[in-house]
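Labels for the chains are A, B and C, by order of writing; each one numbers its residues from 1.
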Amino acid sequence: MNLGEVAKLIDGIVIGDPSLEIIGVGPIETAGAGHITFVKGANFINKLKLSKASAVLVGNKEEININQVLTPRPELAYARLLDHFHPQERPKPGIHSTVVLGCNVILGKRVTLSPLVSIGDNVEIGDDTVIFPGTVVRDNCKIGRNTVIHSNVTLYSNSIIGNQVTLHAGVVIGADGFGYTVDEKGMHTKINQIGNVVIENNVEIGANSCVDRAASGTTLIKKGTKIDNLVQVAHNCTIGEHCILVAQVGIAGSCKLGHHVVLAGQAGLSDHVTVGNHVTLAAKSAALRDIKSNSVYGGIPALPLNIWKRSVTVLPKLPDLARTVRDLENRLNNIEKKNSGE
Amino acid sequence: MNLGEVAKLIDGIVIGDPSLEIIGVGPIETAGAGHITFVKGANFINKLKLSKASAVLVGNKEEININQVLTPRPELAYARLLDHFHPQERPKPGIHSTVVLGCNVILGKRVTLSPLVSIGDNVEIGDDTVIFPGTVVRDNCKIGRNTVIHSNVTLYSNSIIGNQVTLHAGVVIGADGFGYTVDEKGMHTKINQIGNVVIENNVEIGANSCVDRAASGTTLIKKGTKIDNLVQVAHNCTIGEHCILVAQVGIAGSCKLGHHVVLAGQAGLSDHVTVGNHVTLAAKSAALRDIKSNSVYGGIPALPLNIWKRSVTVLPKLPDLARTVRDLENRLNNIEKKNSGE
Amino acid sequence: MNLGEVAKLIDGIVIGDPSLEIIGVGPIETAGAGHITFVKGANFINKLKLSKASAVLVGNKEEININQVLTPRPELAYARLLDHFHPQERPKPGIHSTVVLGCNVILGKRVTLSPLVSIGDNVEIGDDTVIFPGTVVRDNCKIGRNTVIHSNVTLYSNSIIGNQVTLHAGVVIGADGFGYTVDEKGMHTKINQIGNVVIENNVEIGANSCVDRAASGTTLIKKGTKIDNLVQVAHNCTIGEHCILVAQVGIAGSCKLGHHVVLAGQAGLSDHVTVGNHVTLAAKSAALRDIKSNSVYGGIPALPLNIWKRSVTVLPKLPDLARTVRDLENRLNNIEKKNSGE
């Protein structure tokens, strides 16, 4: 492939030699001769000068001695070229001899069921879907087209997984929500969780994350949402479209998130919290109350981020502040004493 | 089943038509004709008026135009009816042909070993216990009666699991505790973890949670305790009876919890912390010291919850407070200067 | 084995009867007749007086009526004796008939592949390595000598695991890093993660922890590092030698840790944070910026630990402090009013 063809693939414009052969794509640190690269950040020009890459994706024409491809979204173009030069691994279609299939299983075309996969009764799996070794799909699950389920995943019964979904290793979909009531003797009595989980199209869920089935009804992950590793989504939550849940986030029961919500690492939501659209919650913060659309929050409990940031700036000065106040009090006492003595 | 029979099942009293046919049970949002429902919260009367349910469980007789069943604990009655109308799924007993059994395995009556389960040597499994596909039970484990172990669970050797226990998918019981000492060269040297884990009756443990084996002796989860997803219980802990550990809680080594302790989501305990009975620790808080019985704590480090709540109320005002103190200091300086000049 | 032989094993000196028979080793609480024990902490002499142990490892000669073995590092000696008397369980070498082997797999001597293990193509496994049931090793992985991989672990393709490594149950190595860019319509578009994970010698990783593959290049865990359960290490991180990552720690992308770093439980690092050598980060804290070598930090955001500790001491007094400031302000107003009236 030459640079002209690469540019065409991403609707870009070549500034330089379109006949240059491009053999790969990679980040600035490792890209070598024949590679096209991409950089972001303030001092990327300096990084580029040290790079051995043969071409670079840029948003604006730069004064550098390297072939450029002009494109309005260089990172997006980079992602698309990566997908072209390094497509995700897909094992060959087919049902391995060690797969255990239940009754009444409906498989689409070119499905891959890898070794030691267990499929329950009444399961449907769409065309081109891949299931890696050791995964368990229980009764009555429906899995869409072109979906990838990695190893040692568990889908509890009645889970519904869309198209182009990726579930990473160890994910658990549809385990019972954490619902109990107390009996006469103070013992926790299980409230059977009779709902299910629905994961819409183009969702990706990271390793060892959990999405619990609803108490009744559905725990819903809407289309395009991306969930990192070790995240907990409790029963009856609705996670809106195109959200980002970073690693170790925990969302308690019955939360409702709008679209384009970003929860940074280890953030948490109390139960029944409603979050609007385009909300960002900072890492490690805890939203105990509803959050309106288009806002950025942080802290425990969460405050508007700028307020939280200003507050924590004072924290290390608190001991001094307390000492100053005691000092002022003493001085004021002296003045008042003196004044009353006058 | 008619409403009279439903009421009898839960020792309730019908207010309305006992001959009414009841075909199911569900929450207020989805209950339809023929369903009995239950609501809690302040404005449940308004919710009921919008519901299509045919009957409702109530603690006190209400002035509503719907059949009622009077019962002192409506939520408990609801849980019991759910269990009647929607019992938990139990696959048929039997040993699937792909199960790998070790030597000297003792199986009770009506045990279910699902596909691709691996059972080690000298394992005992009680009557009516179900193990779902992909689970691994290592040597010398004992599992009680009527217990359910979901998929891709790992029980390390010598783990002892009681009766009516539920372990959700991905749970790991008995992995090595995190114990090292430093050698002459500053390298961490493993202290072999030669203890085990004991899980008593009626415990439930959520997906991908971990309970480590003791350094020596036993890590113990006492009866009736319920543990949510992605929880960490370190070596040599004792978790008392009827505790609630919400998702992503982390308990360091050698902690002792009394009974009826509630640790809310993402809370943490330092090692060797002792917590009394009936203690609640708020979400995301960190108990670094022992906590007495019958108390509620929150914050990092944990304080009595009312103190923590009052403190965090001041947090957003800290920058103003600091400015006020500086201002007071200036004004006081002026007064003192003036006074000394008199 | 007699006490003299035990002492020789650890280069210790017997104070007492070297002919005493030693049948085991255990902690002070459970050690009985014939056992050698070890205690640490202030009042260990009192504990020893109550113990039935026949001998004790000590750093200095103690005035107690029990056989002693003098050794400069009693805990290290204890670890070595534990390893002698209670070596870690190792199943017999061999390939179980249910193992699924890919093409071109190279196995060392005395390898154990347990039931229901799946090995991909082009995998190399070194001498004396053990893989427990239900684990999945995907294509092109290399696993060193004398390594133990527990059950239901997943190694994604191209993962490289060193010698004497232990991976506990449910660990996921090499899942995709969490990398997306936004397309023209605001949808998150995956940046294919084409790097891998390298785990060096003598690393141990706890149950259900995750180490993501690099976007490109390598996510690296250097030799001797110990990682607890449910830890997240994101793409492109480098964790230095002999680090300790306690349970539920989360490390965002591209962090670099020096050697002998300790991250206590539930601590978190923002992306691109660089941490020096011999740094300790307190439990639950969040490092948002680089941390220099030889420092101890804590809090959200992390401060030098002594500063953080002093600050949080003031927290419960904040409401009083705010009240005092208001009071001072009033009193000062009065004085100023009076002064201006003079």
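Operating definition for what follows: a contact is a pair of C-beta atoms (placed from the backbone, for glycine too) under 8 Å apart; a residue touches a chain by one contact, two chains touch by 3 or more.
Bear in mind that the values here come from a model prediction, so they are computed numbers and not experimental data.
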{"item": "Subunit B and subunit A - chains in contact with each", "value": "C"}
{"item": "Equivalent interface positions on subunit B and subunit C, same or different at half", "value": "different"}
{"item": "Length of the line joining the C-alpha centres of subunit B and subunit C, rounded to whole Å", "value": "25"}
{"item": "Touching two or more other chains - residue numbers and ranges from subunit C", "value": "98, 116, 134, 152, 170, 208, 230, 248, 266, 300, 315, 318, 321, 325, 328, 332, 335"}
{"item": "Subunit B-touching residues of subunit A, taken from the complex the two chains share", "value": "98, 100, 116, 118, 134-136, 138-139, 152-154, 156-157, 170, 172, 175-176, 178, 180-184, 186-192, 194, 208, 210, 212, 215-217, 230, 232, 234, 248, 250, 252, 266, 268, 270, 286, 288, 299-301, 303, 307-308, 310-311, 313-315, 317-318, 321, 324-325, 328, 331-332, 335, 338"}
{"item": "Subunit B residues within the subunit A interface of the complex", "value": "26-27, 29-30, 73, 75-76, 78-80, 82-83, 86-89, 96, 98, 114-116, 132-134, 150-152, 166, 168-170, 202, 204, 206-208, 224, 226, 228-230, 242, 244, 246-248, 260, 265-266, 283-284, 300, 312, 315-316, 318-319, 321-322, 325, 328-329, 332, 335-336, 339"}
